[in-house]
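In the part that follows, the structures are each spelled out as structure tokens.
After this come two complexes, each holding chain A, first together with chain B and then together with chain C.
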Partner chain A sequence: MTKLTDMKREKDSGQAQWEYLLEVEDLKTYFITKAGTGKAVDGVSFRLKKGEILGLIGESGSGKSVAVKSIMQIVPKPGRIVGGKVRFKGEDLLGDAKAIQRVRGKDMTMIFQEPMTSLNPVLTIGRQMTEGIMLHLHLKQKQAEDVACKYLEMVKIPNPQEILKRYPHHLSGGMRQRVMIAMALETNSSLLIADEPTTALDVTIQQQILALIRELRDRLNMGVIFITHDMGVINEISDHTAVMYCGKIQEYASTREVMKNPLHPYTQALIQAIPRIDTEQEELHTIPGSVPSLLNLPAGCSFSNRCQYACEQCKNETPELYDTGDGHFVRCWRYADTSTKEG
Partner chain B sequence: MKYVLKRLCSAVIVLFVMSVVIFLIIHWIPGDPAEIYAGTGASASTVETVRKTMGLDRPLVVQYVDWLKGVFQGDFGISLSTKEEILPTLATKFINTLQLSVYGAAFAIICGIGLGVLSALYHNTIIDVFSMLVAIIGISMPVYWVGMLLVMVFSIQLGIFPVTGNETWLSYVLPSICIGLNSLAVITRMTRSSMLEVLNEDYIVTAVAKGLRKPSIYFVHALKNAMIPIITTIGMQFGYLMGGSVLTETVFVYPGLGKYLVDSIQARDYPAIQASLLVLVTVFIIVNFLVDLAYFMLNPRLRSEG
Partner chain C sequence: MKEILRVEHLKKYFEKEVGFLRKKKKVYKAVNDVSFHIGEGETLGLVGESGCGKSTTGRMIVSLLRPTDGAIYYQGQDISLSMRNKDSRLEIKRNIQMIFQDAYASLDPRRTAEEAIFEALDIHKMCLDPQEREAYVNKIFSDSGLSMEQRKRYPHEFSGGQRQRIGIARAICLQPKLIICDEPVSALDVSVQAQIINNLERIQNLYGLSYLFISHDLSVVKHISDRIVVMYLGYIVEEAGKKELFEQPLHPYTQMLIRATPSLDPDVDKTQKLTIASNEKNSIDTSLIDVCCPFANRCPKAGEKCWSEVPKMKELEDGRKVRCHLY
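Let's turn to the complex of A and B:
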């Protein structure tokens, strides 16, 4: 069994004729309601290489979760993808209605924020794990169970045989998230989308899950998009970081660069807001105000109403994503002059 | 296992209490059984003799125990109107009603769940509006009215189905629809709301993200969860169905337990009333117990507690 799956993996990588595992270009997902159009994702572009972990960070309502759901095409109603391109292994997923069915749940898999509610309560873990394997890898029940066990072992669940017979309510939150991860890996997925997978877990379990995802990335060489609202988590896990605010990427660079040299006032504020143990601190830094409603965004830069550097231009004109060199992009007027425009 | 035992115990207790209630009600309603048995115009001394032979002069408790003893031995007493043993008549009538109820229930369950699922999947479309219309008609139309309409349209005008009786399978069609329509409406609405709720759950998103095909998402992942409240509804409906047999059987002159009960009440035939009520109640309780069992089978959270 092991041989077969490994062979498949090799075959996949041998066929690589694409440079980027995932290319998202000017993706737009709007929520069209009677009250108005909420531009939850408004022109998001990024690229992801094989084996790379991209961290997507932003406050609640910044559109990070809708962005990845758009990639999977599981946007909840009334949300609709209204424009842009999503290319996965060179194949356009939005152009052809059948394209997503070929990769969703097989080559491109997802784990969610709430491990407590993301598993079906009336089906056994075994049933839930094997159905994907049987469907996508065309295996029989018995073989599918062997594969499921192999991946449960990989996510460090003891007694996988026993776990397969259990129902979700028998397991703890951390265990369920491990099952979800195993379920996302079992079809030899090459892209794992993790939508705040550690937010609902306590800190120790969070660390274990982060370590596990890093380890699995190294071992299986898959691409990972990791969503979180926690700068600390980003720092620990991701190679590149995209900071999202009001449906747009505000800053994109390698994680080290973002941490060391944040350019966007919003990113700077986020990093300042990380509580520190090593310095005496009277009060936590916070960003004044809150995320504006998507139906009522400020004109110009969407951060202008909370930004300490905001000037007249910021309040009237929307900045673009400027390249400041070394793959560091930032959407802020302050860097417009010093940089070449993104080509 | 503890859960099952607990349910079984409560079923037995409810059955016992109901037998007492039935017995008392019959004995407290007006009308002297001895007088009826003796026939109109019988002399006072004849009535007194009849009362003695029937044991009606003894204390209620003794009569109750006596009756219960008989019931356990399959002896429901002698009918006052036909002067025959009740059990054989009761058995045939019961089987007829059970047959009708099962057909009615099958109709209600299959069409109800079907319509409800369609309604939820095509939420706010013409399909949804149509099945909700069916449900509202089913809930608001009284059983006897539905029955008469069905007979008028399909039997008298179109001549497709016989008006009364239970001779051919065709004669079961209209009574089954009539008896099941109300339950169909309730089940449709329950299925719809339960499915709509379940379809919003996180695990459905997981199922979609796993790339599963629609039938598997809807019928395995969603419906199995949605069935838990639906099963409860179905069980309760089956009880009402047996009760609804009284009206349906009267309209269709169908030789079942409901018709027998009505006839017995009109004849003030108290042993027959007692017997048919007891049978109806027993069926209701057994069905409820079975529903609890089904609930237990469907819900793994309940299973691991027991």
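Let's turn to the complex of A and C:
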């Protein structure tokens, strides 16, 4: 196993002209339908360093899944990437049509919420795991199985040889998700995109998977984009956090900063709305209304119709992402007022 | 506090015919030994991971499933006896209502929101006068947080949170005494989840309801309940008041659950959480049911006795109940 990681480091040090593993700039993905244009991702920008875990949090319909699917260029129809740049290891993936085929599934891999729907039920785990290795690393079946075993061991699955012969329905939910992670890593991937990987799992299993992802990050020094709707999970796993709402990043900062000193009213409300296990609350804070339809967004700031601080400006003009210093970005006209009111 | 519901040694086994020509029978033991009671106006939280039998327990209480063994008493009356007579059956069904996790699946797609409520009122012959009914349905809708113009809409026209509100309206329209809430907020976004939880609490005060709140989310259960029972593989492993349970969890499984629940505290020690996770052994093993302690394979403190004997529910001196050989 040490051999593998050493190999990886050598390979990486050979081409260290890029500073960021992934740079996303003004990414726009629209769903063009007869009913109108839904701006699912509308100008998303962020950067990810090697060995960093970026948490992407938002409610359903906030565009977090579409954003990462755009990075992988697997947006379902009628969605279309209409603008922006995605630079992976310094290489622009959107400009060159063949570039994505070289890295997708090899250097850039993805795991999904429900592992059972990503695994093929009629093929053995071994057959599915070796497919990627044989395709991308050009190995023979036998060698590919050895590699698969190594990675199954890495995700702490006992008797990997045995597991290779099993079918997905033989495994429990937690085990399946581990197989998916092993499958994502086995081609020496340097960027793992995890789309709500623990949402369908029980809390104790979730804790194991979170610990595993952290550990693998430390060991393989890979970048991770972790999508979730759970603030608690974000707090436990990510280094930086981006809060998404209606296709835009509303706040971006280190996770500690987001949890301790949230500046955007949406982030504040989101944190206050969660029942907490460690303190006592009388009544839960609620955000009035619900997430607006993408076809019918309010003018100006997209949160203005639910925001308690909203003023005239918020209803007419769309705010930019301000840098408030220390790498804390917030998309709000009134962030200066909200931070003072936050007790 | 007056007792409204008592459940004693409830069991539910599911049988499946397997093998060549379906000659063999395989028994799945979903609920093995569940006993608890709910007082008037009280919220009892029922928490456990998937497959622990918490929903099966709820379904048995509303008579959607017939228990294999054990008894359910509503206000001192055995439900299985009341079910034989048509009038008393209607009476019990009116008093014990249920809110489901998936509100969309529990609503008829071809009936409007108000029709869902009319049906319940028709069956129980309540508010038969049209004017009275009109006013009553309006009241129920506003109590559940829905507006009047939403009465004539179909389920697909509502958002997830609003559909759950229809589920609540349908449950409270019969003026029940007890509502079984089976994961009512699990499918909702956090901001909507908070609205529904607050609404449930408001309705409880308004109507003097008791809740059995079933959920896998410890923090939600903690917020809403007065008392909590923890289930594991069909057994109740611990029962305690909310405060005691979170301050000093006794059963190793409860301790594990509480530590595994993600915390919102940015200063929480993540390295400590890591060691818990890596110490953790295999997952749920159903073959341990009725053989030894069902939690023995995952328990960090399991001793010899845990592997040989099924633990019984013990009541400790301070009134707390726990099913573990350590106490």
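Simple rule for what comes next: the second predicted complex is superposed on the first by the 322 of 343 C-alpha atoms of A that agree within 3 Å, B and C clash if a C-alpha of one lies under 4 Å from a C-alpha of the other, contacts with A are read in each partner's own complex, and residues count from 1 in each chain.
We adopt the following convention: contacts are C-beta pairs under 8 Å (C-beta built on N, C-alpha and C of every residue); 3 or more make two chains touch, one makes a residue touch a chain.
Bear in mind that the values here come from a model prediction, so they are computed numbers and not experimental data.
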Check your understanding: Between chain B (first) and chain C (second), which does A:231 come into contact with in this model arrangement: first, second, both, or neither?
Key -> second
**Study point:** Partner chain in contact with A:162 - chain B first, chain C second, else both or neither
**Key:** neither
Review point. Which partner does A:271 contact after superposing on A: first (chain B), second (chain C), both, neither?
Key: second
Point to revise | Superposed model, chain A: greater residue contact from chain B or chain C | key: C
Exercise for review: For A:202, decide between first (touching chain B), second (touching chain C), both and neither.
Suggested key: second
Practice item. Could you look at A:291 and tell me whether it touches chain B, chain C, both or neither (first, second, both, neither)? Key: second
Check your understanding: Of the two partner chains, chain B (first) and chain C (second), which one does A:96 touch, if any: first, second, both, or neither?
Key -> neither
Review point. First (chain B), second (chain C), both or neither: which does A:218 touch?
Key: neither
Review point. Touching A:153 in the superposition: chain B (first), chain C (second), both, neither?
Key: neither
Check your understanding: Where on chain A do the contacts from chain B and from chain C line up?
Key -> none
Revision key, fill the gap. In the complex, the residues of chain A that touch chain B are 72, 74, 76, 101, 103-106, 109-110, 112, 114, 117-124, 131-132, 135-136, 167, 169-170, 180, 183
Check your understanding: Which part of chain A faces chain C closely enough to touch in the complex?
Key -> 59-60, 172, 174-175, 202-208, 210-212, 214-215, 229-233, 235-236, 255-256, 259-260, 269-271, 273-278, 281, 283-287, 290-291
Revision key, fill the gap. Given the complex, residues on chain C that touch chain A span 49-50, 159, 161-162, 189-195, 197-198, 201, 216-220, 222-224, 246, 256-266, 268, 270, 273-274, 276-278, 280, 283-284
Review point. Mind pulling up the chain B residues that touch chain A in the complex?
Key: 201-203, 205-213, 216, 220-221, 224-225, 228, 298-301, 304
